[in-house]
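One structure is given here, and the rest of the page talks about it.
All chains are identified by letter, namely A, B, C and D, in their written order; residue positions are counted from 1 within each chain.
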Amino acid sequence: MKITILIHCPDQLGIISTTTTFIQHHGGNIIYLDQHVDKAANVFFMRLESDFEPSVFDLENFKENFDEKVAQKHQMEWSLHTDEAKPKMALFVSKYNHCIYDLLSRFHAGELHVHIPFILSNHNDLAYIGAQFNVPFYHVPFTKDQKAQAEKTQLGLLEEHEIDFIVLARYMQIIGNELIDRYTNKIINIHHSFLPAFVGAKPYHAAFERGVKIIGATSHYVTKELDAGPIIEQDVTAVSHIHSVADFISKGQDLEKIVLSRAVKLHLKRKTMVYGNKTVIFS
Amino acid sequence: MKITILIHCPDQLGIISTTTTFIQHHGGNIIYLDQHVDKAANVFFMRLESDFEPSVFDLENFKENFDEKVAQKHQMEWSLHTDEAKPKMALFVSKYNHCIYDLLSRFHAGELHVHIPFILSNHNDLAYIGAQFNVPFYHVPFTKDQKAQAEKTQLGLLEEHEIDFIVLARYMQIIGNELIDRYTNKIINIHHSFLPAFVGAKPYHAAFERGVKIIGATSHYVTKELDAGPIIEQDVTAVSHIHSVADFISKGQDLEKIVLSRAVKLHLKRKTMVYGNKTVIFS
Amino acid sequence: MKITILIHCPDQLGIISTTTTFIQHHGGNIIYLDQHVDKAANVFFMRLESDFEPSVFDLENFKENFDEKVAQKHQMEWSLHTDEAKPKMALFVSKYNHCIYDLLSRFHAGELHVHIPFILSNHNDLAYIGAQFNVPFYHVPFTKDQKAQAEKTQLGLLEEHEIDFIVLARYMQIIGNELIDRYTNKIINIHHSFLPAFVGAKPYHAAFERGVKIIGATSHYVTKELDAGPIIEQDVTAVSHIHSVADFISKGQDLEKIVLSRAVKLHLKRKTMVYGNKTVIFS
Amino acid sequence: MKITILIHCPDQLGIISTTTTFIQHHGGNIIYLDQHVDKAANVFFMRLESDFEPSVFDLENFKENFDEKVAQKHQMEWSLHTDEAKPKMALFVSKYNHCIYDLLSRFHAGELHVHIPFILSNHNDLAYIGAQFNVPFYHVPFTKDQKAQAEKTQLGLLEEHEIDFIVLARYMQIIGNELIDRYTNKIINIHHSFLPAFVGAKPYHAAFERGVKIIGATSHYVTKELDAGPIIEQDVTAVSHIHSVADFISKGQDLEKIVLSRAVKLHLKRKTMVYGNKTVIFS
């Protein structure tokens, strides 16, 4: 049975030896250990993958002991994940199909260890994709007058389907504060620029206007400040004066889908930790 | 004799055929033609390299005829450059040595077809490089009280040495307006960020603070608005949570020197045209 | 009416002026001209996009005159393409779904100006994708004993559907010589390595074995020599010791689909010309 | 006092906890731990940076105890490095100046924690750089008849100056077997291609001939098989049909110097481990 433990705590002597010795004493074989110290903040981060013999391993007992003998001693915030759990991911889209097609084709190829209970959109344009991939598609309009109602509907669907995390696969609407509060560091967005350049709407137009020679895409966790959440992944591609805004958009979409999918995979593999407004992305 | 002609004019029918036919009739062989149309602005750009038999070619006569029979007809702004001219480049530096070493070692290897009449710095730290490479080094302090005097000294040196263009090889001071006016699109700066992200001072610190996963460098022509001039060249490199600000700076410097040197070479080869606040960079 | 002309011929004086003057005299407005000279081979290449007023433009007459007055004079090999033609593209696949999903989702988004008459595979695994996207799917097994028959079936289908070009979207079989002869420079393959490194089968395993720090993907036209045809497009991504062969494959697939789709788009836009065993890729 | 320990041994239970507990008991604070398991070879790798209070720390005693109580138990091959040691690096060059200028300017900027006792070249062309940077320059010709004598001279100089490692900064000659034996995994070469493509001489010409769209540079440890040693670092840049062989060379040189300098820094920071013919490069 494979277990992944994520830890962060004030930096201090002996964290690694205490933790690894505890795991060894409980019969665990450490497969991978990755740690990081944020010296400015004096915070220690660690990600541990361990293997346990399932026939003799008592998960609940392990957790209790770990908390008592390791975590409390070091003031750790920690979480433990088994490879048996299969999280539930909701997909929010608007009209562009490239990100959702990319995610669904990966899902179909077995790349993503998730359930996808539903797709939600403020438009009906991509309903056909739900049909193609046999995933329920909810059309929740989000016009000015309907926002409050739409957010209520969104929250209802998320609760009903026990959604663990949300992927905004080019969902072009602002997410409500209540939803952000309920899903802190659990809403993954793709922004179509190399953040922090070109925050907000129409970043490709702004990039074209500025005459940049490189454009980018950024996947980040959603916070209440627009396009300012902790960055998970970024990538870029070259452009030149010969490219129109339409070319920027087309080239950018190739980035967006790859960057978003990479971020989703990192999140699923528990390789992301958020601290302050930054991420630690384990390798 | 190789001649490079740069043209921009309102887009209209027949520019290419008129121009190329003219050159052919004057005995020129077109080696390379690169053109671009900015559809939004309705402006046509062209760069032409042609070869002429020097024994029969009359440059002054060609220029006169070209202006009369081609340029005026199409309302062209144009310039003509022979490969015999060797521009004079001034280097402005502060305390970092990586960009100037990169430029001087290329110069020494024959990569840059220029004269380098002098190096100017607001500090004395890099005087030894002037000595190493046998280039006059002027120390022109730029403290608050001395700015007016310093700018006068700068202008004097530029005039005395008949400088054609200026390269700010990590010169950490604001350039005065008079100097910018005299050297419009002839001052090349390297900014240590992926503009327009992180304009101004300490961009690596700002990038670290924001938690970006990619950092960059940008070379641009200097205008009166800080770090907002037409972009010539950009490049980027990946960073992660394990990198400190010092690591950002170190990785960034490898970008800065390459990006600046590329921009200088593009400028020297007459491959850059500025229109509005953007560049056309011919290939 | 938009027309694209591709030309190559021995390099000589006056080609550009003759050609552009001819187009102007026939009422064409040159939208884009891109040319290249291979100095070693003394060959001139040009791609011209022109706009003609459809009400007065006589295509057949233009072609006849162009051949007589321009092409023959300069010994040009040339082709002319209107934007009205919509080529027929056949997709060949095996078991991997990432490349075909990428192409079909772009097709669905209107990015590819083609007909897709059928998908052909030596396995039945991806038949569901044909169903999802409503494209006929032919299962043509390709085991040792069936090769001759399979190639006959392939040729029959290509002929019946009047296919213009073939995309091998990770079709893991050797293409027969007869098919290559009929579709010279019209079969686009994606090879899962940075060619010419790791020709042949299992390139990711070979790359892992060699301990490279970067892997790549290469799209090329198919010739009779395996993985040795003219390269259209390449891209790369970083790997390290922490990545397994499975990681190489997963990261590589993200390259493969983007590189293949870029190559298909370049081919469709008539931006590729083959000369010798190399390509000129217009911008 | 900062200590870096490099370990590799058969993979087994308890290595991390044993090692980290040992360090903690000796008063060490672990600053960074990076580990890797090569599952195919069943080998465990670890790099540990620890901080010790110099006033109470007994290095020799620590080493003895570590060997006895940790290393022998786990059949470790290990090495220990203090930050006080300053290795001696010899530079071998031929006629190109870009790599040596890059290394020397970094040295001058304090980036490289080394001594540089001498530069050695088979030509006299770069003697001026030795003079500029005040580093002894030995001209050791390497023509056919002089090889045996030249290798003897090389070995003599390396011994006399107690050289720790050698950097081939575009030294275009084959290194003799005796020298390779004495400096196993201590000779760093830069090869001007994306290995394993284009092994041997004139790789840019070969890349041009093949029509690749990306070229690269590779830094590796020298082994007896030409250009086949463990790869430390690689990087690439885009090229196209418009680039001549001279352009490939010029663009490639920008890669070569950066890739070589990165490899030298990784070696100096003890971030490289060689196993089989591959490297583990710690982050």
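Just so we're on the same page, contacts are C-beta pairs under 8 Å (C-beta built on N, C-alpha and C of every residue); 3 or more make two chains touch, one makes a residue touch a chain.
Not measured: the values here are computed from a predicted model.
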- Message: I need the common contact partners of subunit B and subunit C, sorted by label.
- Response: A, D
- Message: Using only Cα atoms to place each chain's centre, name the chain farthest from subunit C.
- Response: D
- Task: Compute the distance, rounded to whole Å, between the mean C-alpha positions of subunit A and subunit D.
- Result: 37
- Centre to centre, by mean C-alpha position, how many angstrom separate subunit C and subunit D? 42
- Quick one: which residues in subunit C touch 2 or more of the other chains? 240, 242, 283
- Query: Inside the complex, what are the residues of subunit D that reach subunit A?
  - Reply: 13-14, 16-17, 20-21, 23-24, 29-35, 37, 238, 283
- Item | Residues on subunit D engaged by subunit C in the complex (per definition of touch) | 36, 38-39, 194-198, 210-214, 216, 230-236, 240-242, 244, 277-281
- subunit D contacts subunit B in the complex at 96-98, 101-102, 105-106, 108-109, 111, 132-133, 240, 242, 250, 254, 258, 261-262, 283
